[in-house]
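Here it is, the structure, as structure tokens.
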Amino acid sequence: MTNSILPKKRVEDLSIIENRILNEDYFVLEVESQHPVENIVPGQFVEILVNDSKNTFLRRPISIYDVHPQRNTFELLIQIVGEGTQHLSKLTQGQKLDTIYPLGLGYTLSKAGSKVLLVGGGVGIAPLLYLAKKLHQNQVEVHILLGGRGKGNIIETERFSEFGKVYVSTNDGSVGEKGLVTEHSIMQNMNFDMIYSCGPDPMMKAVARLAFKSTIECEVSLENMMACGIGVCLCCVTPTTKGHQCVCTDGPVFNTRKLLWN
Amino acid sequence: MNLKVKIGNLELKNPVMTASGTFGYGPEFEDFIDINRLGGILVKGTTLNHREGNAYPRMAETPSGMLNAVGLQNKGVDVFCKDIYPKIKHYDTSIWVNVNGSTIEEYIETAERINELEHIPAIELNISCPNVKEGGMAFGVSCPSAVAVTNAVRKVYKKTMVVKLSPNVTNIAEIAKAVEAVGADGVSLINTMLAMAINAETRRPVLSTITGGLSGPAVKPIALRMVWQVAQAVKIPVVGMGGIMNAADAIEFLLAGATAVQVGTANFIDPTVTLKILDGIEEYMHRHGIKDIYELIGGLKLN
Amino acid sequence: MNLKVKIGNLELKNPVMTASGTFGYGPEFEDFIDINRLGGILVKGTTLNHREGNAYPRMAETPSGMLNAVGLQNKGVDVFCKDIYPKIKHYDTSIWVNVNGSTIEEYIETAERINELEHIPAIELNISCPNVKEGGMAFGVSCPSAVAVTNAVRKVYKKTMVVKLSPNVTNIAEIAKAVEAVGADGVSLINTMLAMAINAETRRPVLSTITGGLSGPAVKPIALRMVWQVAQAVKIPVVGMGGIMNAADAIEFLLAGATAVQVGTANFIDPTVTLKILDGIEEYMHRHGIKDIYELIGGLKLN
Amino acid sequence: MTNSILPKKRVEDLSIIENRILNEDYFVLEVESQHPVENIVPGQFVEILVNDSKNTFLRRPISIYDVHPQRNTFELLIQIVGEGTQHLSKLTQGQKLDTIYPLGLGYTLSKAGSKVLLVGGGVGIAPLLYLAKKLHQNQVEVHILLGGRGKGNIIETERFSEFGKVYVSTNDGSVGEKGLVTEHSIMQNMNFDMIYSCGPDPMMKAVARLAFKSTIECEVSLENMMACGIGVCLCCVTPTTKGHQCVCTDGPVFNTRKLLWN
């Protein structure tokens, strides 16, 4: 969504600095770049080639989780769901990650002094950490609601709490409030200037509905099946008020007003 | 070392081109490669009118390949001429437009508009798109209809015209000969193969359109066979494609009889792949002491 | 849980069969699996007379697949009846012979001999072998010739007759309908796709025959599309194959409309794969609460 | 060639006990089986599935280099020539090797008291070590000629010298006698009861010609492109006096009288 000049895209063999295993489902890869990473915008993503894996032909899109300009690295938070992510989970320090980055348009950063809510579901929290960090740096008051099925899906809350107040909700109530994110008490009093969200489609749609009712701007990051990630295959489209747009280059972040969600 | 090849009246600086629908219009790759080094680029399939394309999902990953069902999404030829052409006409490479239509009239009108663009020296007449309900592949799977479109467009399009053939046929050489007879300056092949993916867990087709077009290395052996058969059958140049991922693949197509090659799906895996292929061909020629690319073209050795 | 399926008058204990030319005659797999658990086995392509097949090399590895150019090497139907049949007739599974010929007369004579074998309840009439100079695929790529062979063999062969179709055609459903009309009890598809491999370094074809037949996961999306098209077009059962490597693949073919599946190239990668597929189908049915395999057959959900 | 009852074929995930790197081109994998290995016949081979490799679809045939019934392991001597062998070279202790074995017909063991010559070229020495061991155990007098392009291709001579007298020849003369194996001095005085060979086709043909001239029986192990390794695909054929035979099940060891060589 952002209109700032975006950093140049490149294909690079990034060095893996660390593979931090969070639990059996999630891990965080920190990778080092040979080029400046500070201009990466929250909400942008990378496309990773999974080497040494028989059944992954296309690259895998993964959000940029956090950026560390001082050591010129960035992090990726990944959930193991299939052969590609399974292979990535086994990578170790010193190995290379064949990556195209940074891709897509990121979130619009709110102005200093505003108060915003970030709503993440499952691994959809990934693009929100760097967003929270940037907003916090910009003097924005950040509230973060992290949702998941159960305890095992609520991860990295300490990282988020560096940049704002963290709320948790789980479907089974094993941690935080019980229920859907939209049922969380923080959602009952919608005095935010902006809502940012990323997670499963039904969750984002419910959040967008609530935001719409309260006439709050809402930006969501979509996940679509991508072949190229650079806007040329036209596979990753989503219907918008301007017709089919590519999630990889016109998004992944969209203002929900633009999406044909009721 | 000579890398130049001729197709119709047109000379390409080398035989490495990009395949339509996999390279956008060119600017999308400016961050990655120097586009002016390419032999040519094929812009996205263009139709007379704006097309929204098919509904999402349009893509499925398959063993060593992918299915797509984009359905010729594009803004129409007028937007191309007005908004896109000015941004790419300065490229120092051969820019071809991939021309499509639901009816012969649409093909004609689109080709007429493109004919007026000074810096577009050629069109690729796509009679083989498997992802549209009307026209598309229907034209490319029988000789009479392939001849009808080619003949009609030939009358209005004065520059180099290459006809893109469908692999979903019993005898592709026959169709190549038929379009050659009515004035095609070359044929390009293969377009994608009609195919399907099913999600066993949901028991649903993966694509919104049920079937789609298969591309990538999975189809390479079929494409290579078809290029070989067509090159034996026609005198006009053949542009070969289908699963080319590296220089060795490209050289195989040249040996089978292709005068130039197009790189498609590989651009998604590595946006710099076209130049790696070009460098690889040069390295191969050097290593084998080949002075002229024409020594490779059709150079398959049989005992 | 019912896994039994019917093809013609024949009942298979389950839908998992082996594909001709990839399972020998059965004994080759006795070390690896209990053959009696299979729904059926297809023995190697059999001809009237002994055939030496094509010269070496006959094989090329390709992305997610392989080419073969075996050319129906076999000892002829008499040796089959005399030496091989006695060793396999006790198997408690459905043993089908894959019948081939260079002329219609050869097909007829071969089928007549097989008709006499008590423990062979069915033949698969192969009109789609791409690796022989005469007959083979030539019969399978046009309706009149496909009808001619099917019709002629139908007159002499009294048990279940399934016709194996070639994927190297423009409209496979049309050919399926044509053989259905002249008495085929079922159709099986796909045979291998005509394809080619070239060694760029030696500049020679990899196969002695230049072209060969492509099989394996690379062709699965094409095979699945064809099975889907044919299942829509005919009333007789369809036996699906092409790149099946695991239970999910097999279920996809069932959903597309196949009554049974054949596993080919996968046997080379894992000689125990057929039983893993059978177990996987049972596990899937259990997990999804499916009581009868016929709930899966043609069970693709469209919106 | 042997007619003894062959061990049952099986598919097994063998455990890698050691990966011994010989030099940049060759390595030896020692693998442990859950089943008795003592009945493996010299000249038999295995078919290995190369996991985690994008471009290897079929299994790779590799000869059995040595067998250790005491610890129920066997060894494979492998030359790196392409993607499959490259991947295998990176395997480490504890990893699994998905293997079909033992396959094919092996060499005919000569009678006690006889005098035999083994001629190996390049990685073709692989099936000869276990053959030498078995012959030596059978009180056969074993002479072993190992040939290669140069020093780097002459490997494992100490292992062979445990079971017989070792001679070396290299094309460039960097070690042993200079020239082709058939030009080696030991070949000038052909007083052997049997010759066994494995190596490049031209080498085996030259050896077979010399053997034929001296009316000595000669067995060679052929290498053909294989898809299945179990006699069902009929891809690996070689022309013989009995028509096309499968290298994987009628061989890989053939008496050269049976082959249509010269």
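Should a chain be cited, it is by its letter among A, B, C and D, assigned in written order, with residues numbered from 1 in that chain.
Just so it is clear, a contact is a pair of C-beta atoms (placed from the backbone, for glycine too) under 8 Å apart; a residue touches a chain by one contact, two chains touch by 3 or more.
Just so you know, these numbers come straight off a predicted model, no measurement behind them.
Between chain A and chain C, the least number of touch steps comes to 2.
Among the remaining chains, not one touches chain A and also chain D.
For the pair chain B and chain C, the distance between C-alpha centroids works out to 34 Å. In whole angstrom, the spacing between the mean C-alpha positions of chain C and chain D is 36. One inter-chain figure worth recording: chain B and chain D are separated by 48 Å, centre to centre, where each centre is the mean of the chain's CA atoms. Listed for chain C are residues 60, 62-65, 216-217, each touching two or more other chains.
Touching two or more other chains at once is no residue of chain A. Taken chain by chain, the contacts form a single closed ring in which each chain touches exactly two others. Pairs of chains that satisfy the touch definition comprise A-B, A-D, B-C, C-D. Every residue of chain A that touches chain B in the complex is listed here, in rising order: 8-11, 49, 55-59, 100, 224-239, 243-244, 249. Touching chain D in their complex are the following residues of chain C: 21-24, 28-29, 31-32, 44, 52-53, 56-66, 68, 70, 73, 216-217, 265, 267-272.
The part of chain B that touches chain C in the complex is made up of residues 60, 62-65, 67, 141-142, 168-170, 193-198, 200, 202-205, 210-211, 214, 216-222, 224-225, 228, 243, 248, 251-252, 255-256, 284, 299-302. Contact residues of chain D toward chain A in the complex are 51-54, 87.
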